[in-house]
Amino acid sequence: MTTTTTTMKKLINGVDDLVPESLAGLGAAHPDLVRIDAANKVVLRAGGPRAGKVALVSGGGSGHEPLHGGFVGRGMLDAACAGNVFTSPVPDQMEAATRAVDGGAGVLHIVKNYTGDVLNFQLAAELVSGEVEVATVVTNDDVAVQDSLYTAGRRGVGGTVLVEKIAGARAEAGGTLAEVTATAVKVNANARSMGMALTSCIVPAAGTPTFELPDDEMEIGIGIHGEPGRRREKLAPVDEIARMLVDPIVADLQLERGERVLAFVNGMGGTPLIELYVAFNAVAGLLAERGIGIARTLVGDYITSLEMAGFSVTLLRLDDELTGFWDAPVHTPALRWAV
Amino acid sequence: MTTTTTTMKKLINGVDDLVPESLAGLGAAHPDLVRIDAANKVVLRAGGPRAGKVALVSGGGSGHEPLHGGFVGRGMLDAACAGNVFTSPVPDQMEAATRAVDGGAGVLHIVKNYTGDVLNFQLAAELVSGEVEVATVVTNDDVAVQDSLYTAGRRGVGGTVLVEKIAGARAEAGGTLAEVTATAVKVNANARSMGMALTSCIVPAAGTPTFELPDDEMEIGIGIHGEPGRRREKLAPVDEIARMLVDPIVADLQLERGERVLAFVNGMGGTPLIELYVAFNAVAGLLAERGIGIARTLVGDYITSLEMAGFSVTLLRLDDELTGFWDAPVHTPALRWAV
Amino acid sequence: MIDTIEAWFRLSAERIHEQARALTVLDQAIGDGDHGINMDRGFTAIVASFAAGRPAGESERGIAGAMVRLAGRTLISTVGGAAGPLYGTALMRAGGIIASSEPATPAAEVVVSALEAAIGGVQGLGKATTGEKTMLDALRPAVTAGRTELEAGGNPKAVLEAMAEAAEAGAEATIPMLATKGRASYLGERSIGHQDPGATSAALLVRAMADVVADD
Amino acid sequence: MIDTIEAWFRLSAERIHEQARALTVLDQAIGDGDHGINMDRGFTAIVASFAAGRPAGESERGIAGAMVRLAGRTLISTVGGAAGPLYGTALMRAGGIIASSEPATPAAEVVVSALEAAIGGVQGLGKATTGEKTMLDALRPAVTAGRTELEAGGNPKAVLEAMAEAAEAGAEATIPMLATKGRASYLGERSIGHQDPGATSAALLVRAMADVVADD
């Protein structure tokens, strides 16, 4: 272990207050959109369950804000369960959320592919089985990890945001549980991501950075838990970094000249927007080189790793169906349009 | 001078490419909203000048993103001029922007109160005088600085975002130059801000942090240029920090029990959203204590200081007129609702 | 047996609290830096739950088993992450074995069978096998060593001591392993050279049981 | 005079480039850390503009004045911040004085008058006076010293040397001052103890002029 001298500088009261107070702040800032179940650390869409609408429940460790709580609202999630920082929530939370939002048409669990998330959602589904119809979609869009016998499978990262938006639109439009599930699966199947970090981050309860990175190095192929990536490289111009992220995505998606994508450049939390647009510019240039059309874009901090500096790229192959659901009205704390 | 060992870790190509490439990225990400005049480093609203509509032009040094370029679009700015990082743009840019957006109804310059910004906009106004009718509003909402003979006057900070939104709505609604100017003046007169920093930031061309802050200290009363604040304090729980910011604002605005405000908690660029909502929660608690109602909210990174960690609070006293213009449709890269 | 179980949970909670930082540091190297924090929260909750009194039950074994099951449920409800469901399910399965054991079956034999069931629970849920750099690499050697010592006619202390030593050796043996399950697997080759946090906490728990039995 | 002016701009550009980091470091302490970067960009642009040839003009003084005015316009168009308009306007005013000066007026006298006009431009725009910790605290002593030396009958080299020394002393004298104009004023008491970057660059420019004249 590298010893470290960095002290934790965070805008918090106690370490244990972070998640509850952040949820309370979300609720106070958006009372028209969400209601906080403080006991269960669940963010619920304001106005209670929608009769006849398939409900979407997601959740995971905290520290990825605005994911997931910032995506609760019209056209996206009905509930989000917040675990401790980088720790999957417990089944009791998902059980409470699932019961709270069920409008009789079934509930879709959207789960990022991490052992903890998968197991806790699985236990939750068992807890309500026979009472609420639950379907589960596990997102696994991270090309940095091989989906093989030698790993826990690809991680769910940026594609999760797109799954929540697009499946949410399908549910809002009256889709059945099977249909909404199929849409979520389709988005996940057509989305790939890869990320990089310039710095680590500090899990508040740990109090020290998860890893130490020399001043002239970066991590390529990170996830969203402040963990080191697949490999360490010397710092490089962003044009080169963008190529390291875009190439594996394009290859894995087998994107062809003439196809159209949604290009999503996501900040990890500590990267300023001025840099994120430089990164987007680099990504746009690489896609143009390859004759891939950018039909929709998203640039900003949407799935983060606390205060980590870095970014990820997600590409989603678009067709008319997905484009239409992407464009459909959404009104949540973090994503809003057409309403 | 403290010597420093920190190396610059930024997602850039060359230092001189940062601003042009970030603008290009903004344009590539939002071709439906903005057009980039690369030669003049001006972000223009897509679709050219609106005949008969008062046009709003703002600008300033870069490093504050999304301010100002991210606020160009329907219901807000018609043009934004981007200087180098933390350096006011030059008059030629404002001249070009002013001529490009003039729809015959006059142009309002929205200028943050810094010597450089004021002088460069003033020279620009002289360059177009007799050809384009220009009015100027200088924002100065920062209560950390006394507006006295002993300073260059209060700085323009968070209130600027609200001025741009609300005056933009008035212009979109057909207000005359005098009316739009009056609205901007009214917003500025009823808005006050104060900010704090946990860290400094690195101006790319300088390559080292603007100041060094020990691990257990923070700066209170900062502006938005990575500069030290009015005083240095020991790190404290966010509830206490929020009090240090809210008290002077409430006092200066002479907010009374029963009044209604827009509460804006702004991240300085490097603070993760999970913490920003904790800060919002603290601010909401302090306002509730004082019997001040929160009628509208804004939480996020809207006027930043590169990757600085910290936050600012802005309160705007609301009446029906300002609330109505706040709620009016806006569609820009960084702010969007009701459309 | 009830008192032994309670003493085991108390000692485990104490040691996990002491070792929380060390477990978290292990998890920072190949995971996400929360294992110690998570385990500490869970075992603190177990001990806190003792204040509510012991579960109802007809027999010593029944009550002991119910305690273990309840502790498992507490872990599931408070730990989260991968470790919560895995350790929680493990304890629930172990509790079931204890509760249904014949009074005549020697305690050491029950412990080994309970751990066998626990491992079954972990494997059923986590789909891992030994050699993948997980808690199983501490638990499986422990059960094997316990069974061997039992068959050799060892007394309870010897059985438990053999289990603890095997678990500790197993945890250490994860250092050169390439992780193929859990978060550490994302690191590929970079997971080599670090001890698995879950295997480390597992060894700690088995060691605590041995020490409680040794103190009897 | 034309050659002297060009030599002055070239030497100034060189020294500003060398001192850019130092000026920026001064600005980091009480401003926003861009003064050296900004000045370097502006003076580099001035020198680059020389490649386009000299401005048209009827007389030596006319051409020299036009060069200085053009350099001022270049600063305004390339520097930004507070320094751009202030130095730019200063040069434009100075250029006007030079262009309209009688050929018979001694060069040193023109330089002093030009600086007087420059100061008028800075004050008209920036509304500062001496003692506020700005470039004026270098420029005003320089013009006073120059006028005194002129009246005492000093030769051009002596006049310029007196001006440079006064400017340098003036810049140093900003250290204990409380800033009441510009960005440094936001710091209140914390501005005390640091030398003003603008006063420092102003002294550098006056020194460059003295050195060019001394080399003649």
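The letters A, B, C and D name the chains in turn, as written, and every chain counts its residues from 1.
Simple rule for what comes next: contacts are C-beta pairs under 8 Å (C-beta built on N, C-alpha and C of every residue); 3 or more make two chains touch, one makes a residue touch a chain.
Worth saying up front: this structure is predicted, and the values here are computed from it rather than measured.
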Contact network partition after subunit A is left out of the picture: B, D | C
Third chains touching both subunit B and subunit A: none
Chain whose mean Cα position lies farthest from subunit A: D
Subunit A and subunit D: spacing of chain centres that average the CA atoms, whole Å: 55
Rounded Å distance between subunit C and subunit D, as computed from the means of their C-alpha atoms: 76
Separation of mean Cα positions, subunit D and subunit B [Å, integer]: 32
Touch-based graph of the chains, sorted into line, ring, star, complete or other: line
Chain pairs that touch, as defined at the top of this document: A-B, A-C, B-D
Complex interface listing, subunit D residues touching subunit B: 24-25, 28-29, 31-34, 37-38, 41, 76-86, 125-126, 178, 180-183, 185-188, 190
Complex contact set, residues of subunit B against subunit A: 5-7, 9-14, 17-19, 21-26, 28-30, 62-63, 65-66, 70, 198-199, 215-216, 218, 235, 237-239, 241, 265, 269-282, 284, 294, 297, 299, 301, 304, 306-307, 309-311, 333, 336-339
Sites on subunit A touched by subunit C in the complex: 1, 61, 83-92, 114-116, 119-120, 122-123, 144-145, 149-152, 155, 203, 205-206, 208, 210-211, 223, 225-228, 230-231
